[in-house]
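Starting off with a structure, shown below.
Residue numbering begins at 1 within each chain, and the chains themselves are lettered A, B, C, D and E in the order written.
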Amino acid sequence: MEMTKVVKERKENEDMAANAQKEKSIVYKTDNLNLWYGNDQALKNIDLDIYENEVTAIIGPSGCGKSTYIKTLNRMVELIPTVRTSGKIIYRGKNIFDKGYGVEDLRTRVGMVFQKPNPFPKSIYENVAYGPRIHGIRDKKTLDAIVEKSLKGAAIWDEVKDRLKENAYGLSGGQQQRLCIARCLAIEPDVILMDEPTSALDPISTLKVEELVQELKKQYSIVIVTHNMQQAARISDRTAFFLNGEVVEYAHTDKLFSNPSDKRTEDYITGRFG
Amino acid sequence: MEMTKVVKERKENEDMAANAQKEKSIVYKTDNLNLWYGNDQALKNIDLDIYENEVTAIIGPSGCGKSTYIKTLNRMVELIPTVRTSGKIIYRGKNIFDKGYGVEDLRTRVGMVFQKPNPFPKSIYENVAYGPRIHGIRDKKTLDAIVEKSLKGAAIWDEVKDRLKENAYGLSGGQQQRLCIARCLAIEPDVILMDEPTSALDPISTLKVEELVQELKKQYSIVIVTHNMQQAARISDRTAFFLNGEVVEYAHTDKLFSNPSDKRTEDYITGRFG
Amino acid sequence: MATESSRSVSELIREKKEKRSWMRSTEKLVPAFLLLTAVISVLTTVGIVLTLIVETVTFFSKVPLLDFITQREWYPFFESDPAYGIITLISGTLLVAVIAMVVALPIGLASAIYLSEYASDRVRRIIKPILEVLAGIPTIVYGFFALTFVTPLLRSIMPDLGFFNALSPGIVVGIMIIPMIASLSEDAMTSVPRAMREGALALGSTKFEVAIKVVLPAAISGVIASFVLAISRAIGETMIVTLAGGATPKLTFDPTESIQTMTAYIVQVSSGDAGYGTTIYYSIYAVGMTLFLFTLLMNLLAQFISRRFREEY
Amino acid sequence: MNYINKDKVAKKMGSRLAVNGIYKGIFMIATSFALVVLGILLYRIFTQGFSFLTPEFFQNFASRRPSASGIKAALVGSLWVMAVVIPTGLILGVGTALYMEEYAKKNKFTNFLQVNIANLAGVPSIVFGLLGLTVFVRYFDLGRSILAGGFTMALLVLPVIVVASQEAIRAVPKELREASFGMGATKWQTIRRVVLPAAIPGILTGSILAFSRAIGETAPLLVVGAFAFVNYLPENVMSTFTVMPIQIFNWASRPQADFQDVAAAGIIVLFIFLIVMNSVAVLIRNKFQKNY
Amino acid sequence: AACGNGESTEGNGSEDKTSEEAAQLEGEVGIDGSSTVAPIGEAVSEEFAMENQDVKAPIGVSGTGGGFEKFVAGETDISQASRPIKDEEAQAAKDAGIEYTELQVAFDGLSVVVNKENDFIKELTVEDLKKIWVEDGKEKKWSDINPDWPNEPIKLFSPGTDSGTYDYFDEVILDEEPVAKAATLSEDDNVLVKGVQGDKNAMAFFGYAYYLENKDTLKVVPIVNEEGKAVEPTNESVESGEYNPLSRPLYIYVNNASMKEKPQVAEYVKFYMENAGALAEEVGYVSLPEEKYKEQLETIEGLK
């Protein structure tokens, strides 16, 4: 498993990006975040900065808190009633845990794509139009334009343009996932969170989604959780390695994979556990 | 990901085993097996021999038919009403698809451990005693002896010996999985089938189960499905690589990982997809 | 792991196996017995249909089927000139059912939404059993409630309202079926996968939008099925309308008037004076048959709906 | 080219949140409506019947004098009827559910069974009364006995038990069955040792609710021929009997005003019965809910 | 109803026979039929049980017709009835080989009542009643009956068309013509009481007991009898037959074979006849003249 090779293949893109990084601003600043499910602490003293127009990958073994962390970024984790948090997450200058911070607002600006594709049981068109509609866009023309643009943005337009009125459940898993991405693009978010977006997909669909992520990062900041280290290496700019609810290491992806500074990181990426 | 290293570390054991292999007899002989779910073919022309006192790993991307194959070995797949098969599976000299072949008999001799630990909602003791009981063993002393021996065999005796009467759901995931292995050992099977037995476990539990598998193979023949290539490399003697319902390559584990003869195998194990 | 004892267990198993040949017959007898129990439910239906049909046929030998369907009056007790226009009882039945639905539908659905989308686990755990108590209250208790509380209350608001009217029992039947709608719809809504809700919430939806635009459409088949079942229950309800609806068969759709429903008629006759063998006696079976066909139709409809519109998720 | 105007979206957010709040209120009020009605009902009945709720009320048989009236025969009669309904209902209901979930193949007959059960659930209770009268009282010549009444009520609640049991059986995780089959267990062994124990809480919860409905049913037993006045205790299942709702109905139709209060006292007893049964159901449900 | 006669009833019962005799009796007495007569039967069973603990005498309320149906099928020993047996029913009994004896147990005085606020009605004739109650295709107004009365529609409340009470009223007042369609019917007489209490233009008829119990809140209408005298229903006027034609006898029908073969039935019927008068008054009916009970007691002696 020639991880180093994979990483090297990406070098060219990387160089460019590396230069740009100094100017990039921080979108999310996580400051000493702790999170408990009831009495079980799932996240411990997380400090993590997420940068604009980058792909940030989060890796780690099962149960280490990856999903929990990414769901905290748009406060979806609060849907579980037992959850308590401490610490801060500063998004665009404001602490999202502040009283009076509108959670609907946050989620409008921070899109999310889930592990299992979860389209609504409606037509393809209605799936994409859902977001704009609830935000008050009624005009048919505008909606049409948004739907087209989003589906194009999610690289699925050509496959579905002739059957926009059909139920989304008729699509294959990979198409559904890209539809969910389109749905998320339709409200033009600032950040896109992705929780193992390809783990339920076949290899070809996975490849498509990966390419799409590379494309999307030009416009959006992306945080992606993945089980698959090759995937992290292939597509991300930075990688955070989680273990037992802690961030063991957070660095540029090439650095983390080629020269991890923590023994545990090394053990993990060389497959000694997990 | 220095797979080669991992493989090499196991060389010593392997050498010994490799010598022994010539004499090893075949437990399962799969002969041109095809399987359909309704009209969808999930397995295509499978030919595969499984050897006594070996660990045979089955790897491949999601949906390639790994679980389907392993469940066919003890005819569990027939629980799904739409399933049809053709071809033969010869177990210990008899075709398990033969009319009059006792399926309960087969399953008594071929144990199975599942992806998600699935203890019964009963006490730890009752979980292990379940198998012997249904096979007519009532005697308390004999049962006690079997329970102890099986729990010891599954390397969990020390952790649970003081709370045999407690509900199995109080155990951690890793303990539950070893309990399920103990439950399976209690009827002294000939073969043990394992379908991703560690995929729901934390790294430490995973390690324990892996060690256990190494231990068990001295007495049992083991077939293990795994998503995790490192795991296959660490613990198996032979590996079969499945793709889209076909066996792409089947070889000794070190051979398959260090020198795959099929391009697709290489792509898969180097993380180019999956 | 001593091989010695290991041998003994597998051998033990094999040994026991031979002795336990009766297990094979159990495996055959059990499904046969279970099939028998399942067949009893079919026999029940057969029994119901036969009971109804035999007497209904006798009835129609005395009263022409055409009269039964086309007459617009129901006066079985006028010996000189009895009239058997079932439409009269049907209109009373439907009137009560419609009023009941007007009450129960919005309230039941709103409760279902509240319970499935807004209420905390704790609140749900308290309210659901209470609703079940409400559903389990004997209908005769509801009947007195309609008569002694709801009717006077309505009459204080609408002085013109008759003492017996369709409105009061209609409302109380509605109250009675609220729990049914609430609980069945809530089941349908909670079985909408979490992922669907998360998808909508992640787009910045409010809970209300999630409930109305995502959950409700996804659960619509279950919700509609609960409505239809509730209507069928309202149609079959007996004691409330017997007590508070009056006993005046009338072809009317005015809720302030006193009416009679099919069930109330059956109770009236079966607790009344009609002699065995009279036309009136047989008429309860014809009415029972009509009622049975009505509820059968509603149930088939409910099943059709929940099958036809079942969402794939 | 942006279609989404962030300012507009932000502005709209306020009204959307308001709508959400308003509807939450409406939904809450709707939910409490049912609770308020229950409250009024209970209040009225308790204030009316409380004075008659003395120990003697439980020790006396019915009487022409309100103050000497008691619910003993009806209470015991209801218990006897339930003693027939519960085992009959459970055996038939669970048996049918097991057959349909575990043994039946997906064919027309099974489909028919399912439709049949659903339809039975919707048959008005009074029609069951007509059935019981014809079949049990007359055809099987059971007379106006507890057995005839109990069988009729068992058939009445059967569909509810079947559906509840089917759901409970279906909810037993597939993994547990697989585990059992995987050890060479036969089908019936798996059902008896794994499926049924795991499904029993669900079966009981649904069934208890069905039985508690049977306790309050009046119409079918009236038709089957429960007596309205009984001043002795049943001795066996062939005894004649009366039940609480019929006794209550009888009291309520007496001319004397005091009997209205006696009827209310009877209703309170019936309620206590119902609430006890429902609480047992809730306890079972809450206790076993999180087992897997 | 007054409980005044309760003690004397018990006294009556124990006088007649020795307790040993009673203790030997056992078995069941099957009684069903009229809901109107049921309260009397229940009172009889209640008292009877004090002395014959081993005899079960439950009472069913299938209605007069329903009771006869069971009686004819041989399912009951005694059928209570609020009207005499009809020809068809008698025929059915004959066909089934059932021989029976009719016994009167008490009188019921059907009471015609109006709202307490109604101050213009002083009395009504049978013709007035017929005019008010019969169906003639018009809406009934008070002024139609008497021009001095208000020009307001009358609200009619009647017992259910399937009750013995309705049957009787229909027969003697309406000559078996249908009751006005506008009338509100209910199976439950208490409900009729409430209806009249709540509506100042209401009129109803129902059993004497329901009037007695609600004396204070209802106004009873004196009815002009055959002799031309306006009479209110009272215990005396009903018993003496002065209150006519609206006082009707209530019956039990006894299966002759049961009387012969089942000593407990014979004893029960005897007990019934001995105590019916007092018990009937206690539950709101009017007793027959003493001689009538004596006469019937003799009849049953002949049946044993």
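One rule holds in what follows: a residue touches a chain if its C-beta (ideal position, glycine included) is under 8 Å from a C-beta of that chain, and two chains touch if they have at least 3 such contacts.
Not measured: the values here are computed from a predicted model.
Asks: Applying the touch definition from the top, give me the chains sitting in contact with each of chain D and chain E.
Replies: Output, common partners of chain D and chain E: C.
Asks: With respect to inter-chain C-beta contacts, which pair, A-D or C-D, contains the greater number?
Replies: By the number of C-beta pairs in contact, the winner is C-D.
Asks: Please compute the C-alpha centroid of chain B, do the same for chain E, then give the distance between them in whole Å.
Replies: That gives a centre separation of 84 Å.
Asks: Cα centroid separation between chain B and chain D, in whole Å?
Replies: Whole-Å distance between the two chain centres: 47.
Asks: Could you work out how far the Cα centre of chain C sits from that of chain E, in whole Å?
Replies: Chain C and chain E have C-alpha centres separated by 38 Å.
Asks: As a quick test, compute the distance in whole Å between the mean CA positions of chain B and chain C.
Replies: That pair's centroid distance is 50 Å.
Asks: What residues in chain D touch two or more of the other chains?
Replies: 16-17, 186, 252, in rising order.
Asks: Residues touching two or more other chains, restricted to chain E: which are they?
Replies: As it turns out, chain E has residues touching two or more other chains at 35, 61-62, 188.
Asks: At least two other chains touched by the same residue of chain B: list those residues.
Replies: 108, 135, 187
Asks: Among all the chains shown, which pairs meet the touch rule set out at the top?
Replies: All touching pairs, sorted by chain label, are A-B, A-C, A-D, B-C, B-D, C-D, C-E, D-E.
Asks: Would you tell me which residues of chain E are touching chain D in their complex?
Replies: Within the complex, chain E touches chain D at residues 1, 3, 6, 28, 32, 35, 38-39, 41-43, 45-46, 49, 56-62, 70, 75, 188-190, 207, 209-210, 212-214, 279, 282-284.
Asks: Flag every residue of chain C that touches chain B in the complex, lowest number first.
Replies: Interface residues on chain C, with respect to chain B: 1, 5-6, 9-10, 12-13, 16-17, 19-20.
Asks: Spell out the residues on chain C that touch chain A in their complex, using ranges where they run on.
Replies: Contact set of chain C toward chain A: 120-121, 193, 195-206, 209, 213-214, 217-218, 311-313.
Asks: Per the contact definition, I'd like the list of chain E residues that touch chain C in the complex.
Replies: 35, 61-66, 68-69, 72-73, 82-83, 86, 88-89, 92, 155, 157, 160-164, 166-167, 176-178, 181, 183-188, 191, 194-195, 198-199
Asks: Enumerate the contact residues on chain D facing chain B in the complex.
Replies: Going by the criterion above, the answer is residues 105-106, 173, 175-186, 189, 193-194, 197-198, 291-292.
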